[in-house]
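Handing you this structure, nothing more for now.
Residue numbering begins at 1 within each chain, and the chains themselves are lettered A, B, C and D in the order written.
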Amino acid sequence: MYEYDVIVVGAGGAGLRAAIAAQEAGANVAMVTKLHPVRSHTGAAEGGINAALREGDDWELHAYDTMKGADYLADAPAAEALTQESPEEVIQLEHWGMAFSRDDDGRVSQRPFGGLSFPRTTYAGAETGHHLLHTLYEQVVKRGIDVFDEWYVLNLAVSDEERPEDRTCHGVVAYETATGNVEAFTARDGVILATGGLGQVYDHTTNAVANTGDGVAMAYRAGVPAEDMEMIQFHPTTLPSTGVLISEGVRGEGGILYNDEGERFMFEHGYAKNDGELASRDVVSRAELTEVNEGRGIEDEYVHLDMRHLGEERILDRLENILHLAEDFEGVDGLEEPMPVKPGQHYAMGGIETDEFGRTCVDSLYAVGECACASVHGSNRLGGNALPELIVFGKRAGRHAAGDDLGDPQVPVGKEGDVEAGSLEPPVELGEPWGGDGGAVADGGAAATSAEAVVEGTLERERERVERLMDRDEGTQHADIRAAVQRTMTENVNVFREESALKEALVDIHAARQRYRDVYVADPSRTYNTDLIQTIETRNLLDIAEMITVGALAREEFRGAHWRKQYQERRDDEWLKHTMVSWSDGSPELWYKPVVLEGEEQTYEPKERSY
Amino acid sequence: MSQSYDRGLIEDFGRWREFSAGMWAWIFHKFTGWVLVGYLFTHVAVLSTALTSASADPATVAANQDLYTQTIRTLESLLVVRVLEVGLLAVAVFHILNGTRLLLIDLGIGLDSQDRSFYASLILTGAIVVASVPTFLAGVSL
Amino acid sequence: MSTQRQQPETESEADSAETETAQERRLGEKRRRAEERERERVEAEERAAADAERYHLKVFRYDPEVEGKQEPRFDDFHVPYETGMTVLDALIYARDEFDASLTFRHSCRQAICGSDALFINGRQRLGCQTQLSDLDQPVRIEPLPHQEVVKDLVVDMEHFYDQMEAVEPYFQTTDRPDGELEEQRQSRENREKIKTSTRCIWCGACMSSCNIAAGDNEYLGPAAINKAYRFAMDEREGEDMKQRRLEIVEQEHGVWRCQTQFSCTEVCPKDIPLTEHIQELKREAVKSNLKFW
Amino acid sequence: MAERYSSFTAGGRLWLWQRITAAFLIVVLAFHFFLLHFVHHADEVTFGMSAGRMQTWSYYSLMVLFLVTATFHGVNGVYNALINAGLTGAKRRAVKAVLVLASVLLLVQGFRTANAWAGIDLLPIL
């Protein structure tokens, strides 16, 4: 058994920043991550980091843009924390050596991005995330923080009081990929989840193969509610064959979208009369799909993104990486021809419910980064707002977990106060009424309360789970189940959503769950058994898919990224609230909590969102 | 628990088929360098027969009957030695040309055309060697 | 990782020993079944081979724990081709459709995470960045040379990571932007100078291609030297730090080991001019040392 | 700053000398080959002619320098190659000793030969 003050699960931008902060606040920290830190998907981020750094800009404007972009589903205290602290964090990164692109006077460059009222996106070429990730990892190496890489976290060790709000997280149980050993990690002060995105529930995604939403699923089964899960961002410019992202930076620099008829449809068909290509992502994605659906798509599948007019010099200076991506993954030379693009799953605005310090309702359990929902992005994230989220909330959670006093949170978590029960009429039974094998923590059983007993118990259960999966010898393989989930999500819970389709998705997910009961691991080896790990990930994908669909079915309005056929407008009087899904006795429970629109100095009154 | 498989030297040596220009250049340069040192040592050994000649009777020397002159003459009359000399020339020329190439690379010149300059060294070596064969084999009795 | 770790307390060793035998028996059973499936796979494979539309892959297999795989061997897979298909796509297909135990690292699918550097048709390349259509058949896929194989295409990267971390790959300046939001200035030229060196994704292809690194385990290797270059040339760290960094790279197993083989530069998927950087560091080191003579 | 001298490790210094000697050798070796195979033919070599050349002071010193640089370059090259191949510890020290000894013998022998031609009787012991 390993013992530390703070355990950080995941070593992307959020996890690394949290570990550094916790260590600086005096804690003994370990990072446990299924990939080596530099392999995390933060490295794929291209466009940039928003920070109000310059004369003429300030954090309040940034907060306003963020709330507007979120279509007012974000919590103001969190959005304000993000925009207030982002400049400081960006400057900190610069002092740690991050290779930002520079202006002539040697200062960090900034460029315009969709939905921003000021060009405040700092960047490092079109490889901002790569530089951010490596810079942070360098600081972790410098500080000698222990990193357990290629250790897959199977579950959280959470006590099993009746109400999630009374539970405490005492550590995690992880599987060492190289050897097949299952070990426990006890955390004296806190566990910080930073497991990143969940794009693998879709089959066309900009996310990595490792982005399977493990953190969200584990926290969910430990009783922590998942918030606004239906809010999935589809990025308007991904390469059709692979889903590789073409950064928003291309449009930021002046790239233009054309349909098959050579029309600049963002303007000519009135999707965004003012901002055109730079309207926010949900708007552009829907515009593209509408073009395709109305027969003006190229090969009935995609549209063209053209940057040739920017000139070779500018492209090489600021967007060089894009040329390589287009060439390697689509065989297109961006200097000579327009690039084919279509919308693809990109980002989960929702996630593990946290306050603005990254705390969940379970004591000592934190979540930061894409897996969390502090709620800064609401129903639509602005480009360049995720990376600041990693560093701002990463730092906050790290410090808080290490015991720093950060004051009282303004965003409530758990079923405290003003909550509203929800109801849903699903076409099938949801969740795993048969008890599942997800290793749900709160599955009754002996009331373990001492930290040691909780950790031991979880370790035992997880060892059994692994043995059980290894033992089984025939049935279904995870790849089939995963493919079925991805198929139904892509077909039914995509950019355009319809009640019947959403219900169909629930039926499919239910069927997939049934099949998962017979899942088996074909590879008998204990050395580097990726078959086993993917089987466990698939279990998490099932829960994630269900949470997303439940949220999407519940929310009967059109807000931000969430579009419903029958409900073509934003309905603030009824739906200005967060969709919450929590795991209760093996099935999802739906409820709502209000959005906090009161910020430090102003209240963000919902306005019409037009670009 | 986890073991691993060390593929060992055999497999490494088996990769020569996959070598690229720079690697061949490295191997050849190594080989030619070693041949040259080897030659340097033997060369000095042969030349030091001159020591006896120096103390020999001046008349013998004048008649070219001294040990040094005799040794050289005998050696030079052998075809093998002549052929080896051509080989030595090839080795030396390649080492010089590729050595020059390496010196330029050290100065940061021609990094992008390193493979071409290697091929050029090879071809030039070949040309020089072929061109000097007549000179080298001149007057040898078969 | 080179950082130290706490050792786990030896708990549960005893009770795991008890279950060991039963568990072993079950696993043994499982392995036998796995062999059966293996036979079926080979048969299915033979049928697939007849299909001309498929790409033929020859994939290295090794697993210290599974009988039949303890002796390294090559397996054949015939994968249906789609336009734009990469080697990684083909491997994923082979794993998902034919043999779930086929093991390889991968994550991003877009040449940025550096997980899937492989030895493909005699050259180090990223699986995700290599189009099948650019390769001759059969496509031979092996783990990176000069590294120990953990299983199938997975190699042990520890040594590579150790070398990367040996060059103090982090900004040494300790001043922090407290309160006052001033960044350090850096000229565009200087940023341009270090630009390519900052692109490294730690894939290990270069190190695997270098014969010197293969012969001398202590040699820092091209990637680590490039990392040192990235810092040594960054004007923000100042002249004194540059000297310190030069001292690191000019150690016995540093830059002098490089024999300008260029294979590192040739295989680097991020097109980093590694040899050039190494050579420049050699010259810098000589220059800074000659100054005082 | 003083300790920076020590940072110029043997590796670096030897590397530099290898290049310097190489640059010198390009010229001298080419000259040597040209002179002894093209101007004069190798089979026409006689003790007398060699002695004649050696007696010019400039030729003599060039050849001695040639000997020294070639020896250093060659032996150092071999030493480097062995280190690159991973030679360490006691073995490495042994190899170093053998190489140094061999070079000294070679130099001494070469030097004596040159003197013999030049008719110099500097050190009768040699």
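By our rule, a residue touches a chain if its C-beta (ideal position, glycine included) is under 8 Å from a C-beta of that chain, and two chains touch if they have at least 3 such contacts.
Please read all numbers here as calculations on a predicted model, not as lab measurements.
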Can you identify the chain nearest the overall CA centroid, using each chain's own CA centroid? C
State the pair with the higher C-beta contact count; candidates are B-D and A-C. A-C
CA centroids of subunit B and subunit D: separation to the nearest Å works out as 16
On a C-alpha centroid basis, what's the spacing between subunit A and subunit C, in Å? 27
How many angstrom between the C-alpha centroids of subunit C and subunit B? 38
Rounded to the nearest Å, the gap separating the Cα centres of subunit A and subunit B is 64
By the touch rule stated above, which residues of subunit B touch at least two different other chains? 2-3, 102, 106
Two or more other chains are touched by the subunit C residues 64, 150, 259, 282
Please output the residue numbers of subunit A that touch at least 2 other chains, ranges allowed. 178, 526-528
Contact set on subunit B toward subunit C in their complex: 2-7, 11-12, 15, 17-18, 20-23, 25-26, 102, 105-108, 111, 114-115
What does subunit B use to touch subunit D in their complex? 30, 33-34, 36-37, 40-41, 44-45, 47-48, 50-51, 53-55, 61-62, 64, 66, 68-69, 72-73, 76-77, 85, 89, 92, 96, 99-100, 102-103, 106, 132, 135-136, 138-140
Where on subunit C does subunit A make contact in their complex? 1, 3-6, 8-9, 11-12, 23, 26-27, 29-31, 33-34, 37, 63-66, 83-84, 86, 95-97, 99-101, 103-115, 129, 131, 150-152, 154, 157, 161, 165, 168-171, 173, 175-177, 181-188, 191, 194-195, 198-199, 201-202, 231, 234, 236-237
Going by the contact rule at the top, pick out the subunit C residues touching subunit D in the complex. 212, 215-217, 243, 246-247, 250-252, 254, 256-257, 259, 282, 285-286, 288-289, 292
Sort out for me which residues of subunit D touch subunit C in the complex. 4-5, 7-12, 14-16, 83-86
